[in-house]
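Report on the structure given below.
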């Protein structure tokens, strides 16, 4: 049985605590007894191969998905529920203009009507989207949509911000700006949880690193430790860019077998 | 008027030639008189800021979109129409299993029925997807979906392969494998056209680089030249990770303005 | 319940009015005819006007309707071969049991209608140009009054629908006895006035003309036409009762 | 036939009543069925499959049955008898609402369920509860829902069985296009019946065209 | 009432004919309307807006009008008179097909247009022409289209105006549930009419339930 509770005094100060989380569908455990405490301090970066369950873990931590087994405990701040926001790996754009997307998020967050437009405009400007504010969000370019998703989450002033590969579609300058933004947010006390495949980015931002593989949290170590001498052999292999999805057959070079020669 | 022709003898051997292409919607020119010849030799890498029109250009070259003005000339090989494939920035998965997605692509490409399954299995295995072959494609993880899109395009053995940020959601090992695959393909004579924001990847793969900005092709230079001393100041700024979307207001650091402080 | 007939059995199509069909008469008659001749009879029950349209287009083999003028015109124009009296019943004035216009005390139908007119009691008219509707208009002409106003409701509906409406409106209405006797949703309604010779309601049989409509099954239709006017047919008509009351009176008895 | 040729005022008032009754019924039905369909789309509860099946099945509610139900409820002896609504346009609106509601609700349920699959996690992440998500989803599915409502409008405007029973087809009071068509048919005046049918279809087409244009305008700006 | 209580064989054959006619009509209509709706969804051509509006408007084709059109065509004096189809179940199938076709086509058009928006570039890139895309789209939209076809089935099974005109409500030949309900209503036997209506609804619900279960099974595997 899964239980999601709101504890007034979360265990040793974690904002969100995952306790022995499993996520099982049609007999496969996509998450397998994963435990993780997200403490207010520090930027937690999650890395791991494709399909290792990073996004699942984040969606469960954010409260979008019920785990099959295990507890999620979400803390409070000053007696209020935690203000959370998440930028999805594949952001969903409502069928409205870019600006209306942000305004809708602000409406849901309870921002007073008269201040919504101004807030939305500021958020859009921060991500270089002023020019496209009135375009339908769904015809924006991939990068513009990702920026919009960031702007939308940003505008909510969350206390914990989940970011699932937020700069995967961004150009180098925007990536740089987003990383700086993340740091600023963090300095103002927002807890950052970020998934990335960009090890450079992980190195630049991480305070602590969660390494996942095959639905399990293999290690959770301070960043300095993780990048210099990871505890597990799997993590070391991952950092070297080697294949470690041991449940899969080794990924062969596509050209060798799947290329024009076959 | 836009004209798309199939020339039996394309101008100076280009596989696809874009001639003064413009793409205009509600008064905005998202592409502005862009000309580009995609010759059989070499891997052409397209870079540029978000929203600069890279994906539009690729979709037009691939024949998915009609330009508002300008010509697209598509060559032939051995008298047959060019076999093309494209991996989209946001791949679309049919509402079927991963394997059925590949099989459907093979069906459309005219692969004989009895060989489809085998080809599909090989393509899936090449991208480490054997384990997930029978899962509905739409519940795969972001990276798995991108791999599936690659497998699907790969399986078609195209003569020209368009790749729109194909490794943006891939883990480091898969990225490495895809890059190797691209090279193998290329060695077998497939023309590669690739959009990426990963300048490291661009450096590793590029024979020639197209740099786009604000709907225009700013420069098209051999890779060695582009990365050492780009012709334009815009390209140099882009390589330094600076902001050059001069039609937009400068992207401010989100935290400064959009952060929790406002 | 009808006798089940093999699909390839010979059959004729009989166009008739809803009132006849609803009375249940055909279910009483047809099995006997089918047993004797082996001919199945398919009854299409529609509004009187629609029945005549079917006749004029040759979409049936024989008609059984109750609008003498129309029937005679059909024969005169060569659509039908001949008309024979088959049976008759009568129209009755239906109304709420409380009888606010006191029509039960009237001596003639004209007087009864006059009372309704004067009381401005709700009256539901078929308003559909059917045989019953034309009879009603004829009776109003008899009174010398021209009904109108909120109490006089032209419904444009079949007999059954009109009765359903009248029942819920506590309105008077003119109905043929066959439909009335087989009607179940009477609520507060009763037959309040009957017996005036003006309320006579004759039914006629008309086989369609094979010279005009070569596809018509003239032989089979003629057998029906003959049978229903034969002694056997006439006796069967007279023996059809609901609650021990006859619905139709065979014409030969008259 | 002269009814049409002379631009008869009777015809005009029949047309007017037809549109009034059908449009009111569709409006009422939409007000209930759009949120209802969305609710069923969004919530998981025991017996949901049964509810969906029933809703789908009620798209096949025979008009005569709907008419009878309303007739029995509104008739003098019925539970709502004291309001004296039988044989009034109001009764016809009620019957058509009853008939059209399941159609709009069932099709809305499907449309919203499709959209919710896409939006669910994003909206919940933004702090939108399921109830709060309903207006968002209805608005974003507006093009599809326009077609859905038009399907309901088609059913309402074409319908004759129910309005005949509860309206009584009273000339000048509850006669609408479809009951007039049925009347002319039973009178055997098929050309007039067809002509009236054509007029009705043209009117329905005009309303559909207006809806289409409005849809095009709102969708051109926001896909 | 005994008709029902005794499990009368007449009732059984009426039920059977009802389902046979409606299911055949829906099958025929689907065979035409699903590809037709998809075609209109996929192709851009001049006057497309008008075609869509007309299709939407035809969802409001009054059954009586559809019945008259079929009647006049099949009537002995009509263009198809020589086949002698009037007052047969075949005629009823034709009339219901005519009635249901626009509903399925219009709703399919909308559903496929939504999916095409998502699939267009991907399918074209894979070398699929628009025509070739139709089976792919119909298959991938199968859950929504099931609801669409059920809407058509609801209309067909509830319909009385058209089958009455072209079938003639001949006992033992063309009497179906809805015409039987109408007949009992006009005989004033409202409880029997309601009971028959209920039976019809239960049957429709069973068929809907089957469709729902089949949909659930095929969709559980492939979303």
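To keep things simple, chains are lettered A, B, C, D and E as they appear, and every chain counts its residues starting from 1.
Methods note: contacts are C-beta pairs under 8 Å (C-beta built on N, C-alpha and C of every residue); 3 or more make two chains touch, one makes a residue touch a chain.
Note that the structure is predicted; figures quoted are calculated from it, not measured.
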Chains touching both chain C and chain D: E
Path length in the contact graph (chain B to chain D, fewest steps): 2
Mutual neighbours - chains that touch chain A and chain E alike: B, D
Same-site or different-site touching of chain A by its copy chain B, using the half cut: same
Contact-richer chain pair [A-D vs C-E]: C-E
Geometric centre distance via CA averages, chain E-chain D, whole Å: 18
Euclidean distance of C-alpha centroids - chain B vs chain C, Å: 80
Centre-to-centre distance between chain B and chain A (centres being mean Cα positions), rounded to whole Å: 26
For chain E, residues contacting two or more additional chains: 185, 190, 223
Contacts with two or more other chains, residues of chain A listed in rising order: none
Per-residue overlap in chain C, given as positions that touch at least 2 other chains: 46, 158, 161, 164
Pairs of chains in contact (touch as defined earlier), listed by label: A-B, A-D, B-E, C-D, C-E, D-E
Complex contact set, residues of chain B against chain A: 48-51, 54-55, 89-90, 119, 122-123, 125-132, 140-144, 147, 150-151, 154-155, 157, 164-165, 168-178, 180-185, 187-190, 197, 199, 238-239, 241-245, 247-262
Contacting residues of chain C [partner chain D, same complex]: 46-53, 124, 127-130, 153-158, 161, 164-165, 168-170, 187
Complex contacts: residues of chain E adjacent to chain C: 8-10, 75-77, 81, 84, 86-87, 168-173, 183, 185-190
Contact set on chain D toward chain E in their complex: 49-50, 52-54, 56-65, 68-69, 71-72, 102-103, 106-107, 109-111, 114, 117, 143-144, 147-148, 150-151, 153-161, 165, 177-178, 181-182, 185, 190, 193-194, 197-198, 200-201, 204-205, 207-209, 211-213, 216, 223
Chain A contact footprint on chain D (complex, rising order): 118-119, 121-128, 132, 136, 140, 221-223
